[in-house]
């Protein structure tokens, strides 16, 4: 780790290596991801679970408009953390890729293929000048050839496959929790529980039904990507003793008008 | 929050992340929004209300020429705060999108769809070089499938849906007021009252009919987007005891010839 | 208002926001407008009056070649203040827009429409890189559907409608004078008098017929845009006791060879 | 007038306003004009006179190759001051415009029209990035509809019409001289005399026939643009007692090998 | 080696030489390669071996998703070290080149030809502006005309052919080890052993089957590029006494959440 | 003349004026010309002479490969001083222009026309961004309509016509010598002698036949551009007592391996 | 020669002159050439000899893959020094030029023509922005019309013809040696000996057969460009008492892992 003055010299240009071989703009984009609220993905035996912290800054804001969970295709869901507007660009890109694949090959796009399409797109923004990197990480989950798959994309454009992962704020703590609690062979319902348990770690152990989103894609379900209703989420939270006592309480940093993460959930 | 010298290093380029993952140019564009006079949106049971502070800098200026309320389509209105000229660009973009949607699908564009068209457009100006972000926020309100909808766009390109919101100067105070006073199930007329009450908060509790604009789009009204006449506004203000005693008084900062917000209402 | 060193950081790039949300280049372009000699517009009951201070730097310069008043279309006139060469670009743009409108719709372009065409064009130069903003303000006046209309464009690209206004040097004083003296319902001839009275405010109360230009567009007159002859102006000035005693006296700052406003009238 | 450090901040970029609304690059281009030797234009009753100081740096240089007087069209001449190579670009532009006008409308281009074509071209180089302004001023003179016309273009792209003017070095003194000596109704021959008298002001009252050029365009002469021969010039100089005693003396600053104005006449 | 301040002057621009003739950006890209985990290539008598350290940062990450070994064509494999996303771009480029060659000439691309296609592509990113160099090195191995060939590409775009080599972290130590242990005439199986011995040098002499990848392309095998299964690797490691005692132990630097090499294996 | 710190501010950008109206990049390009060895041109009664100092840095270098004299067309020769590679670009440009002229008008290009084609091309590199000026001066000599003509092009793009001139190192001294010695009415052979006398001024009065080149174009000679053989040059040098005693002696600064003018003759 | 701080001001931009007329980037590219190992060219009576130091950094590297000698056409060879990847670009360019010439004119390209094609290409990278100069020098040798020709290209784009020359490290010493030892009229075999003697000067008088390459093109040989085998080289080295005692010893600076000239031979 070098001193302050050296660092200043290398982090202003977006496509330049530092003397120790780092790309600061990409690392700062990772900081933008950490400023976003957490999302969690868990791969179950028979499906994939995506869950996201989507607390609103104000009780007047519609929770449904906080975009953390996205349907990319019938069988593919995406959870994001970081800059919402950047995430939307990548989701749009993913949807077009899924459609093109369907048209060209007559079959649904593979989860790994789709993820790598996205990461190759992200990489371009880290090498070619004239634009900044994307300030967002994605969890891409879905069913491919009857198998649940769960991937991560980060601002450098690297794809990783996971059994379970979290992105966004408190990433380190939530990963520790997942590494401890995750077991292979979970059912999708158990995975939903684990995902909510994990999200609750960064919320004093409590979640409001409005402030959380859950989506599942299962092997057997013809419906593909499905988001759980508030009522379903409330009953699960209640069951697991995670239900927040005051549903209307805004996000902790939601009442500061000049919050700098106003564009992150 | 970091020191002065660090900040200077990251806020000069428009498409560069700071070490803590922030995009300063986007945050400064939010400051440009705060320099504009306030606009308010309220979603009622049967319609949507847009209201705007449009005080003139001089009694010789035509109040009608201060563009804060815009008709984007028959069933969609937009209120803006910040740079007027930037707002005009986004309104033009929105109108073209609405027309394209009508031509392509034979039906009016959805409020959510239109909002996201706008925010995706805004996002491009925060990622790709060669231009600054838009220095304006919009409230997009309208009727979609018989339901009133109310959205916000900010300079980062993030869309939010609200029950009631304000943008522009004194945002924090006006939001507090709305959070306290807003109740679900308001009629459109009650919502007009609430919107004017809210605007009056940043004007010593008084408004001049000339210095305020009100537009409504209701579920039942075939006329779609409708702006209230000065007389209607005057009688409402009178009724709610908000009527300014001296109609001709210019805006507080309107008599300074070198006012820097000359291009903001 | 911030200190010197901060300011320097933000005013070099043309399309960058300052931390308090200002676009310095646009504000400096406003200073360029103030360096130009004054122009005045007055809306009368039955017409519109444009008047401009067009004193020459030297008695050898042809007063007629000092371009402050421009005919944009038969029924539209424009007065400018600031960079003459920039003004010419915008006038050319306005003339093409007026012609296109006539060709496309078979009718004269509306004054408001034309003004907004111009301001949208100006805005592009404040957002997209590679060019500086226009250093000029315009008064656009004309007859639309039998009604006199009077608009202003400023370097930010914001359109305003006025009953009477001035642009260029001494703007603040001339506006105060207009606010005091203007009355609704003036005849065009009375408006010419008011316009000249106003211009005289920044010339020690005197004007030379050669050093001032007056144009009118009236509702009833089929001739459309008409510039008054020197003789007409002289007799009006004489009548109002504004006539300068020595017609040949150059502009006050006209005899300094290194004058920096050599390109402004 | 501001201090040194401020100035440095604004004069490096070519298309940027200073805080007081000035375009330094344009002002510096005016300095480049002043570094060139003088040219003079005088409008007579029946024609236009262009005269230029074209002293050579060395007796071995061909005086005829020093380009200060240019024929732009049969009825239009141009005198320049400043960067010779820049002047050539503008003259080429003017010639093409004159030809295009002839082809398109079947008649000679107007002097005012041609001048404004040139100044509009110059203005582009002061607003759009990627090039510096033109470092040259022009006197455009000719006959239009039987009337002599005389115009100036400066580096800002502003057109002015004059009865008589000078550009280049000692502009201020020569203008004073012209203002004193010029009278309306001069014959072309008298105007030639005045032009040479004026040029001699910045040469200790003496001129060498080789070191000066004179061109005239007269109303009655079918030959259009005509340059006077050395003999004709010599006899006029002799007659007016302006003839230099030693014809071969080089220009004052012509014997310094490292002269920075080697590219200016 | 020069002082600090000089260095800062030359390493900011990507396409600029330093006074001593170095391209710092290329050298820093080499540092990015060293930040990646090691890959090893060994040329045997009858085939080529590629091996790579692919330890995961977390036991929840799928080892198979860590991309260090790539099939470029049936008879060509590539091992990478450095930025994963950059490597993917080059592998994609290599695959397209291989396909184009097959289509154009009806035969498999030569290993040397393919390598030089890649290095020429890399060189462009070190000379032409607008992009940074690739932060990745590749080992390209395969069979050409019945002969095993083994090449390296580095960030400068230089191709080298090797008998055995390593790229990535601890390059210097692993090369020393290879220089000592490599003998001409190794069988492919012996070469697999040597490759794993070498990789173990930078892992305390131990490797987990999950944390290492091995691919071979042999002269006689019709299958071409083949990756060894975890079981095969485990039995070889066991045989050579390299088997890590605790398979689940994460990579040494894998548990630091803010690890800067998150995008390198 | 201004101080050091001011100068630094204006000489970095290639297309920017300094406050006193100078283009430093053009002036520095003139310095590059002075770093080249001298070339001389002399116009005779019946022809044009070009001569150049072309001493080699090493006796192993072929003198003929040192490009100082170029045939641009049958009747046009060019001598250069400064950057050889830049000179080659301009010569190529000149040759193409000569061919185009021949094809288009069926006659040889005029010397003045060709020179101005070249200077207009050079000017573009001093006004439009994205390239540096040409670091070379040319002497363009030839026969036009039976008359010998001799022109100079400099890095600003200004054309001059001369009776006799020198470019490159020691320009000032050589010009003084020429001004003293040149007489109108010289024969071509006498002009060759004067040219060699002049070149010898900057070589201690001695020249080696190998180290000098001479070309002539005469009015009567059908061969057009002709370079003199070494033997011819030797006998002339001998005759004028200019012959160097040791032909193999390298150029004075030719034995320094790190000579910075390695790319200039 | 100027001080340090001045120098810093001019060597950052690639296409800018320094106040004394130098192009620092071109001079630094020459330093890159000096960092490469030496190449030597000798013109014999009946052929041309190219020889190059190609010691490997490691005994595991294939000497044949170190590209210092290149066949550009049947009758043209090229030896390089400096950046290998840059050399490859120029060789590719030369090969295409040779093919185009063959196709267009039905005959082999001339050595001088080909060299100048290359240098004109190189010059572009020193004048037009957006790319750095080529960091490589070439020796271009071949037979043209039955005559051996030997040329050099340097980073400025200047072509030189030589009887014998060296490029790369120790250039100055090797040139001194060549100037002393070279005699006109050498046979090709004698020239091979001289070339190896010269290369040995910078290797303690010893060369390993693996560490050196030799190519010849002779007038009488139909085979054109021919590289000597290791055995042939060994016997010549042995004969001249230049044979290194330990063939496997790596290059002196080859064992440093962080060697900065890793991309130069």
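The first chain written gets the first letter, and so on, giving A, B, C, D, E, F and G; residue counts start at 1 in each chain.
As a convention for this text, contacts are C-beta pairs under 8 Å (C-beta built on N, C-alpha and C of every residue); 3 or more make two chains touch, one makes a residue touch a chain.
Chain labels with UniProt names: A, B, C, D, E, F, G = Proteasome subunit alpha.
As the structure is a prediction and not an experimental result, all values here were calculated from the model.
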item: Chains contacting each of chain B (Proteasome subunit alpha) and chain E (Proteasome subunit alpha), listed by label; value: A
item: Between chain G (Proteasome subunit alpha) and chain E (Proteasome subunit alpha), distance of the C-alpha-averaged centres to the nearest whole Å; value: 31
item: Centroid distance [mean C-alpha coordinates] between chain F (Proteasome subunit alpha) and chain B (Proteasome subunit alpha), Å; value: 68
item: CA centroid of chain A (Proteasome subunit alpha) to CA centroid of chain C (Proteasome subunit alpha), Å; value: 55
item: Chain C (Proteasome subunit alpha): positions in contact with at least two other chains; value: 30, 129-130
item: Ring of chains, enumerated from chain E (Proteasome subunit alpha) in the sense that reaches chain G (Proteasome subunit alpha) first; value: E, G, F, D, C, B, A
item: Chain G (Proteasome subunit alpha) residues within the chain F (Proteasome subunit alpha) interface of the complex; value: 9-10, 13, 15-23, 26-27, 30, 116, 119-120, 122-123, 126-130, 151, 154, 156-165, 171-172, 175, 178-179, 182
item: Residue ranges of chain G (Proteasome subunit alpha) touching chain E (Proteasome subunit alpha) (in the complex, touch as defined); value: 7-8, 11-12, 14, 24-25, 28-35, 58-62, 64-67, 83-86, 88-89, 92, 125, 129-135, 257-258, 260, 262-263
